[in-house]
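First the structure, in the form of structure tokens, and then the observations on it.
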């Protein structure tokens, strides 16, 4: 059993307190350690991905207690992928934060950042349903801190909303966990998989309730309509880089839905059947519509990007709804893409906001410093998020469209994806035109003095890294999709996962 | 011996129950906050004290052996009850008792709760 | 040269101009031109082979799973288009170098232009429809950038967006169409698809695929009813108009129709859709064009018209029509690009392109006049120019197609031709002929050679191809038409076919055209007077309406009302839960129920009453806090009664700390909640809440009254708690051992919570509104005179040490009896809290050296290290060990690593609670709270008492 | 020297006793640990109890405690009578001010506590200079008698012990 | 007992949600606390109800209540304490920044800086 | 005998609890209610100890001790809030 499996949790979990303990008054030191730790996390996650690619699911028995009695971590291709994604995103965001000095605008940014990583990685790696709740809470509370970093009235009020909504979600999570435990007597996900499949008929209704509650809980994280309400204000009012990091948080919800509803509540389970797919499908359609229409309807740039994030979740869930290996492979590709793209756009939006001084699209402003460069970045980000070529969004969209065709009636889904793409294009074009072109309508004025002309390279490097990731995803689409297909096959075959736990046999 | 213990425990329990009930009843019956304050701080303390002593006796003679925790609880309640009462009284004076109703201190100073000096900011 | 490289060269070329613009305008243009020329060279190397009928292939595996590989092929059609794109591209680069002014960012321009060129080359060389889609959308995007190039012009920005929206919508439709096509054909490779005509046309998906693909083609090629965007794209710099909107991009749609001609054409659907749209477009474009006064608008509508013509020809579905189409593509590209560039020259030199303000330029700009004359006459279809040849061929095909009684087709085609003649002549007559005017905005004169070279070259081509069509264009037309039709074609282009009906039609058209020009003034008056729908206004209205709806929908849905969000959330949960339950089978439980004793009923009554009271009385916030404490108390004794002492201990301790935190916050908050929601909202909320309450209660009851379906995992915990975990308090062993990892996460949460409270306090106090509000803060309730009553201070002096002893005790025994690090931490924190309440935070805080940050950090760190420690024993994270230690004179006691873990928990909890209190106190101090230097208000035994100050 | 390690010897004793009560039994090992706590905790909290009052007469103190316990029982019976049987109308609550001769905060607090725990009286406040206690009487037809009783029965004993 | 516990959970949930739906931060925090009580009881109840069978192993102890849900509740209590503290603090912060503690962000953002 | 006495005591404190509940619900001021809450805690402690006797276990006594401690602290906190607003000034 390799101890490296837990490293993505332990590393930030130790680094966070160390930062608090030893260097809380030295920002430079914090930056060095935070970045070094995040880079180490990246290296570890690459190694884990390699390990997961070459072997079946690996189980790490915490406390050396046999499953299902203790808590286990499970490394499989899916969890390794998402940990890697998190680490990549984290590096870019951290570079941006250091480059822009966002971390100096409030206290404890780096400690909270590390704890955020701990929570996210923990959620991806755990093989225990209740432990997933715990790490949801870790990532949530860290996210609360990051969200209100640097303060401000509107941000704090949005923070209150964010907390309140997620507290409701967390409470529901606990109801769901208690229900599932109450029926099956276990919390280990592999054990749950076995037991839910073997439930007596009379327990079906209750386990269905548990399942639907889980679905809603994860829907909150994944911003699935009608549980998306928390997202626009949160993402729009959070500091830009924080919103960028949050791009992976919605994926935690998507991950959990994929995991739970393939491993435990899969379509083959007699008690539940395709019930959840039937719920997910219309909800995903609505999410897509709400998100993409929001792009056109948003009055502010950050809010626009927030709706783009919702829209991309809609696409993602639409692809996920059939719960079939083929769509899942496409969804995984799209998931990575949309995370990087959303994050890049949030960073770009922050660049614009920093320079324009207002988020409102229609507000007349002179051209910002580095207008051309930032416009180009925005253009690239917009292309990516709208799913236009040549970036990976287009490939992802094609993959999802193609995969959906084999899963039954797809005309509605296709129409939704394509029509909403158009709406997104219209919205993004309008925004880009207002931000970067309209500024030239009036002769350029000298930049007001209260907006410092930020000219550091690091923020651009950060955005560049994310966009380079998109380019790489496009160029390497073939091998990546090959890998994703194997991953999807693994996700949809719970047997190896369960076997890796060496669960005790029922004595009958 | 056991019988005596049983009798003692029972008497203590009955007495404690009685005083406990009276204390709570006083809360119900007495006319205002200040008078109500008398009932629980005393009677309930004795009520719960009785129960605790009964418990000590019970475990010492009839249960698994002498248990001292009850003594500690009793001590704690006796230590804290006057402080609680004082604070509730102060709160009540502050909120609802007209200063004119209070007797003069006779020392030249004001009653602490009415005193204005803490407001002074320097 | 590899086809992929040819397609890639313009993209590489796109990188340089932007980067090299610092080196000057010349090098920038040169870089673009070099890439362009190189690509053209590469293409021409293949030309002989292609003209021989060979097809060149390049295959690069990209995404085989999707059938999306970077495959390219070059046949006659591809050669024709790629040649046009790269050839005219080179001329445009030259032209633009001189056209753009010094203030225009030229690097950007060439970058966009080369991006566009690459995309176009990609389209025409793609052998994979998905890759083709990539390039297709790229042309939309790059044209968006080019049209909006002059950022300061509102027309440019609007035109760019309109073009993008229209062409992108077609592109999206085409994605669906192509995917269907590929699915039906069994491959996404064009070379395969083109062999599947039978399968495709027999498929039930033929019509949807056709419609979707045509939607893409029509939008791109500005075919009716999507013709309206093209004239607005004319806001772009003229080189862009010349390149995109005459020679290349708009022809992408034609290209694709031609490319897919073998598999899609030949059906009635194809004929009616394509030929119909083409015909209508041709006529409408020509008619409108005549009445445009803006030179570029005139040319734009003329382009629309000619594109319609070609579309119509493709729609006929015959080989001869295809030949005509291909030839007209060449002809149109040559004369229209020349005309656009010439129009740009006029605009550039005369300062206007409004025909009404021009006239008489013939003598002032003779070179330009010559170019325009040649090109316009060709456009009018005057012999011997190439436009004449293609128009003859068109009319011939129309007559063929209309032979079966389709006289309307013939009439309309002739009308179109007539208007085409009319606007061509008008262009010559109203701009160049007539008297020289005195009121040109600038002084018009011919530009330098650099600027007129390109259009002149094209004009020469117009003439030469007109004169020797078979020599100069016969080969390429044959190759291209062969590629379109998927077989050999006979190309026979001559000026004189005898007195065929087409010639009569041509003469009629020219004659009518002359009449139309002659009566232009009167016709124009009528045209202006007749109301007709203005496409841009309709489009704008639709877009604006969509945007308004989107805004209303978005803002209405996400109106910021958290209470509504949460109500929806609650209702959603209830509905989904009930739905899930009702659709599954449920067997009521048969577990033996626990009997109901009287005392629990009393507790139940208390709990329910206080709960309900909270709903009624919550507006008095202090009172609400008292009531909630009762609820908490009742929950705690429920835990006691139902065999959960640890829970009771934790609940009651957390409760008091929570209440204290809330009281600290309430000090600054309003003390009452105002009545803000009406009766109906309260009723709504009550119904929502009630539904959730009933649901939860029913679920709880259903669960509690049944047995577990399987033995629970906690049997193992009970069995191994002592032997494996070394403790008899199973709950504690679960917490610090079996599920220690949960606890690790949990203390992290508490630690973060405290850090967060601290960080927020710092932020609030750093300045800004909160700080100002605090500095100006006046207590909103009357304050009593004494702060630290003596009795409390004295009592605390006893209670604090005792409570600390109790804390130690609870910590140590936690592994075997109710207690543990968390509760102990809370007890110690509560003890310290007592001290702080008695003597004030500042006084007490000044007297201890604990650093709360360090406590939290150390706590989480210690817990983490305990977990890591197991690694050194080769065990997984958090593996515990325990043993019995004997240190004289102490009794033998158990030492478990779990206890060290629990110490981490303890430290974190103490640190976290104290840090939260400290933070809130700092806010109070900022609000003007004084700091006392004595522990109590008055110490009668002290020599001087009552001292107080900061 | 000794004071440095035992800033409050009585407190140390109390803590040792507390520990033994908590572990609910006597063993030498427990005693050793109790002594460690008894020394350690007062040292830790010494800063919160800066002055060091001497309580010179432990015997008298014990007697006082017994007296108070006796009074508490009596007080409870008296209050019970009032609560159960006295009609509201005949209840004569009263505020009285008890001037203090005590000066030590510990002594005053003990007196205030005693007043609260004993018949029909609650100490409700202290004067701002700490020289009088405000006492509320549940039923005091003769308030002066209450003052006299408090001073004679409790304050004088406390004064002997503390000052 | 089951019916008492179930109905109590229901009533607390109802009150909690009702308070959460009030328009101010303070009642919302109270409501969230109540929901915490409710869910903790619910988790606890998922181990079924047992009287006088605390999960403290003793030589003569024959039966014990299911200890696992208790451990889960403890985790939940601790976590929700942290969450409550943060929420209280943020509500206070928002109040200090804006001068009111309304939780809905409808209407003009009068408090935006 | 003990059982009967125990039942009596249970009854007394349970009824006492109801009385305090009444005072929490119906009263003319918060101090009064805090007083009622304080009394309620004491009643609950008594009930817990009685339950310990009834069940023959001392396991609940730490809980009783802790209830006493927290009850005291919260009473002081409420009162200090009413007196000063800031409870740990």
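Should a chain be cited, it is by its letter among A, B, C, D, E and F, assigned in written order, with residues numbered from 1 in that chain.
Note that a contact is a pair of C-beta atoms (placed from the backbone, for glycine too) under 8 Å apart; a residue touches a chain by one contact, two chains touch by 3 or more.
All of these numbers come straight from a predicted model, not from anything done at the bench.
Novice: Which chains are shared contacts of chain B and chain F?
Specialist: For chain B paired with chain F, the chains in contact with each are C, in label order.
Novice: Applying the touch definition from the top, give me the chains sitting in contact with each of chain C and chain E.
Specialist: Expected: A, F.
Novice: Please work out which of B-C and A-E is bridged by more C-beta pairs in contact, and write that pair.
Specialist: A-E
Novice: What is the distance, in whole Å, between the centres of chain B and chain D, each centre taken as the mean of its C-alpha atoms?
Specialist: 13
Novice: How many angstrom between the C-alpha centroids of chain C and chain A?
Specialist: Result: the chain centres lie 15 Å from each other.
Novice: What is the distance, in whole Å, between the centres of chain C and chain D, each centre taken as the mean of its C-alpha atoms?
Specialist: Result: the chain centres lie 73 Å from each other.
Novice: Indicate the whole-number Å distance between the mean C-alpha point of chain A and the mean C-alpha point of chain D.
Specialist: Comparing mean C-alpha positions, chain D is 62 Å from chain A.
Novice: Quick check: what residues of chain D touch more than one other chain, meaning two or more?
Specialist: Residues 18, 22, 24, 112-113, 123, 126, 128-129, 131 of chain D touch two or more partner chains.
Novice: At least two partner chains per residue is the criterion; list those residues in chain B.
Specialist: Within chain B, residues 18, 23, 25, 37, 45, 67, 69, 72, 76, 79-80, 82-83, 86-87, 90, 94, 110-113, 115, 117 contact more than one other chain.
Novice: Out of chain C, which residues touch more than one other chain, so two or more?
Specialist: Where chain C meets two or more other chains at a single residue, that happens at 560, 562, 566, 570, 625, 641, 645, 666, 696, 699, 703-704, 712-714, 717, 738-739, 742, 746, 749, 752-753, 756, 760, 763-764, 768-770, 783-787, 789, 791-792, 795, 798-799, 802, 806, 817-818, 930, 937-938, 946.
Novice: Using the touch rule from the top of the page, what pairs of chains touch, sorted by label?
Specialist: A-C, A-E, B-C, B-D, B-F, C-D, C-E, C-F, E-F
Novice: Hey, which residues of chain F end up touching chain E in the complex?
Specialist: Residue list for chain F touching chain E: 55, 57, 59.
Novice: Which residues, counting only chain A, touch chain E once they are in their complex?
Specialist: Its residues touching chain E are 130, 134, 137, 140-141, 144-145, 148, 151-154, 156-161, 163-164, 167-168, 170-171, 174-175, 177-179, 181-182, 187, 233.
Novice: So in the complex, which bits of chain B are touching chain D?
Specialist: Interface residues on the chain B side: 18-19, 22-23, 25-26, 29-32, 34-35, 37-39, 41-43, 45-46, 66-69, 71-72, 78-79, 81-83, 85-86, 89-90, 93, 101-113, 115, 117.
Novice: Would you tell me which residues of chain C are touching chain B in their complex?
Specialist: Residues in contact with chain B: 782-787, 789, 791-792, 795, 798-799, 802, 928, 930, 937-938, 946, 948-950.
Novice: Which positions of chain E touch chain F when the two form their complex?
Specialist: Within the complex, chain E contacts chain F at residues 52, 54, 56.
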